[in-house]
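Two complexes follow with chain A in common, the first pairing it with chain B and the second with chain C.
== the complex of A and B ==
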């Protein structure tokens, strides 16, 4: 079986765990900041998600060693909490700077009230901040929405194929 | 570990601009702490996004004039500032290195106009959905 690996990076454990559980239906906690889940696409392909909680001063993860194997990075923050956006900024710049691995930044929203922008503007594969860095929003517990966001990052990968 | 490795506008700045823009907050002041090349990149980014929102919102009916007509033309801006430089010089990319404050003020005006245009494109679509 071939495996595609993605990181799910968030400033809070709950956010990444809810996101991964909504996609995979299950989650394994490795330690107090890392979790794992997997989704079988078919008998030949699975996607593995590595959930990582980060904070402002995070510098003890060997990203240089990890990133060559990672197909994409998914960043999460709370739309209603600018502090969570600030927490992911440095890591976002770092990972966007060291490789062209696709990145999807997902804002967690509460329900359908006060969405950042109509869906039309984030379809089909997110709003482009850069060619390989996209922005979208989801209610993290909404599996339909989170799966669409993952499809988006897979589509960015497919767009890059020669 | 997290040193700035790029000369262009960082992706976090772009995200921050979009975040404040979509929250209805002013964004032109975000360039105050930026280096000159970042200011130019911000203007370019905003123009690209304005066109993107415009085209997604209006399709073929989008015309760049809908946005640019609210911007002070270069010759008028130069008169207002008693500028003695040639007309073609009044571009952010050229002037920002020699007349930093003046060029930044002009770019701020453009950024605010583009932000208003983007918000209008979004609001129109929200109304259509409602």
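== the complex of A and C ==
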């Protein structure tokens, strides 16, 4: 079976788990930081998501070994909690610097918050921050929205291919 | 109606000033006069004058020292300052100009000359303010697309510091954000929170945002999140209320045919005090002692009852709501490009001071950055191989859509 792999990086377990579950419908917890889920595209092709919870000072992930095999990285933070942005910010900058693997940065918005998602920011493939880094808003439990974010990464890859 | 420009004059000798005051009043300026600089300090904070004229030999404080102390007040930093002096010595004039004083006028003076100089200085300030909206180092845009709440949210999420300038009609306001928190807001002579809440309701006009460190003592202590929350709530209500009104730039006047104070409530009487000179609806909102929501409700009632009515614009209001001079470079760019720029500022580079709070750490960061840049060059020259082929990627996209 052929497999396409994505990492889902977030400062909180719940965020990555909700995101992965909304796409795949199930999730397996490997340990207290890593989770896994998969979605069969057909009987010969599947996509795998590796959920990784990171801390502010996390630097013990062997990205140089992992990155070449990954189709894309998905970073999650809470739109209303700037602390979560700060937690992912350093790793985001690092990963964007060491490879051209597409990155989708997702600001999580809750349906009930007082600071609703600015509708005008929503673009199908996210806004390009760099050629390989895009930004979008998502309600993590909304599978339509999360799938669209992953499609955004696939679109970047397709644009690259001849 | 444009608000009158305010001039603060500080001079021991009132005989020199009386003619100047009359001349300035005739030209449409509002003049506040004090014969000592101590009173002037307080007035600057309360009045927010557009220009200050001061005798270089004030009775209680030496002129240059007065100037330096005044410039230490945040509210006075950008106000043009002119010295009036009976001294003709060139050395003194040079010394004054070197300190940053904007002009130096020798007494006795011709009133017309002083008025001309003041007008020139105020025009320079206006040009400067407007050029800020075109500064390429900042980003700018239209409040119809992004309002103040959107802008503050963006700085808040990134923990950024910056100055947000807003223009609506003839009003220019400023919001200072320090590391994602609203630190201060200025608009006319309103209190900071009052100014902020009024600007939250601006749904048209222009904005510019300059990402820069803010060295300003915080004048707003309330939590930014709750301020934004209040702003959102007021904005929703505001939108409902103004939906049934003419444009806020519409001038209104008292309908003398049926107007009677006896029929008005106390609040309505208070608001009508500000309608005597055919202001725009928004002029009334700004000047009213009540909050904008209450004021606009009153205006709506007065209009519905025909106690007040629309009237033709004043002479200086015949220009469009948004002056053509305020057309910004970003207007020509697409909305998408604009947001890219904003978000790039937020996310492309981390807020370095969050990670490296002191100078020594900044140095360490520069070294690390250089190392990282070297690694980037090594890695990024090789494009990442895509492990799936095109048809497989298209299948994934199809499944996800």
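Criterion: the second predicted complex is superposed on the first by the 151 of 162 C-alpha atoms of A that agree within 3 Å, B and C clash if a C-alpha of one lies under 4 Å from a C-alpha of the other, contacts with A are read in each partner's own complex, and residues count from 1 in each chain.
The rule is simple: a contact is a pair of C-beta atoms (placed from the backbone, for glycine too) under 8 Å apart; a residue touches a chain by one contact, two chains touch by 3 or more.
Please read these numbers as outputs of a predicted model, since none were measured by experiment.
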Combined model on chain A: chain C and chain B, fit or clash:
clash
Pick one for A:30: touches chain B only (first), chain C only (second), both, or neither.
neither
Just to be sure I read the superposition right, which of the two partners does A:71 touch: chain B = first, chain C = second, or both, or neither?
second
For A:14, using the defined touch cut-off, is the partner it touches chain B, chain C, both, or neither? Pick first, second, both or neither.
neither
Looking at A:101 after the superposition, I want to know if it touches chain B, chain C, both of them or none. Which is it: first, second, both, neither?
second
May I ask you to name which of chain B and chain C touches more residues of chain A?
C
Looking at A:2 after the superposition, I want to know if it touches chain B, chain C, both of them or none. Which is it: first, second, both, neither?
second
Which superposed partner A:154 touches (first chain B, second chain C, both, neither)
second
Would you mind listing the overlap between the chain B footprint and the chain C footprint on chain A?
82, 85, 89-90, 92-94, 97-98, 105, 116, 118, 120-121, 127-130, 133, 135
Given the complex, residues on chain A that touch chain B span 59, 82, 85, 89-94, 96-98, 103, 105, 116-118, 120-121, 127-130, 133, 135
Touching chain A in the complex, chain B uses residues 1-2, 4-6, 10-12, 14-16, 18-19, 22, 52-53, 56, 122, 125-126, 129
Could you please specify the touching residues of chain C with respect to chain A in the complex?
145-146, 150, 153, 156-159, 180, 225, 228-229, 232, 335-336, 339-340, 343-344, 347-351, 354-355, 372-373, 375-376, 379-380, 383-390, 392-397, 399-401
Name, in rising order, each residue of chain A that touches chain C in their complex.
2, 4-5, 23, 39, 41-42, 45, 47, 64, 67-69, 71, 79-80, 82, 85-86, 89-90, 92-94, 97-101, 105, 107, 114-116, 118, 120-121, 123, 127-130, 133, 135, 147-148, 150-151, 154-155, 157-158, 160-161
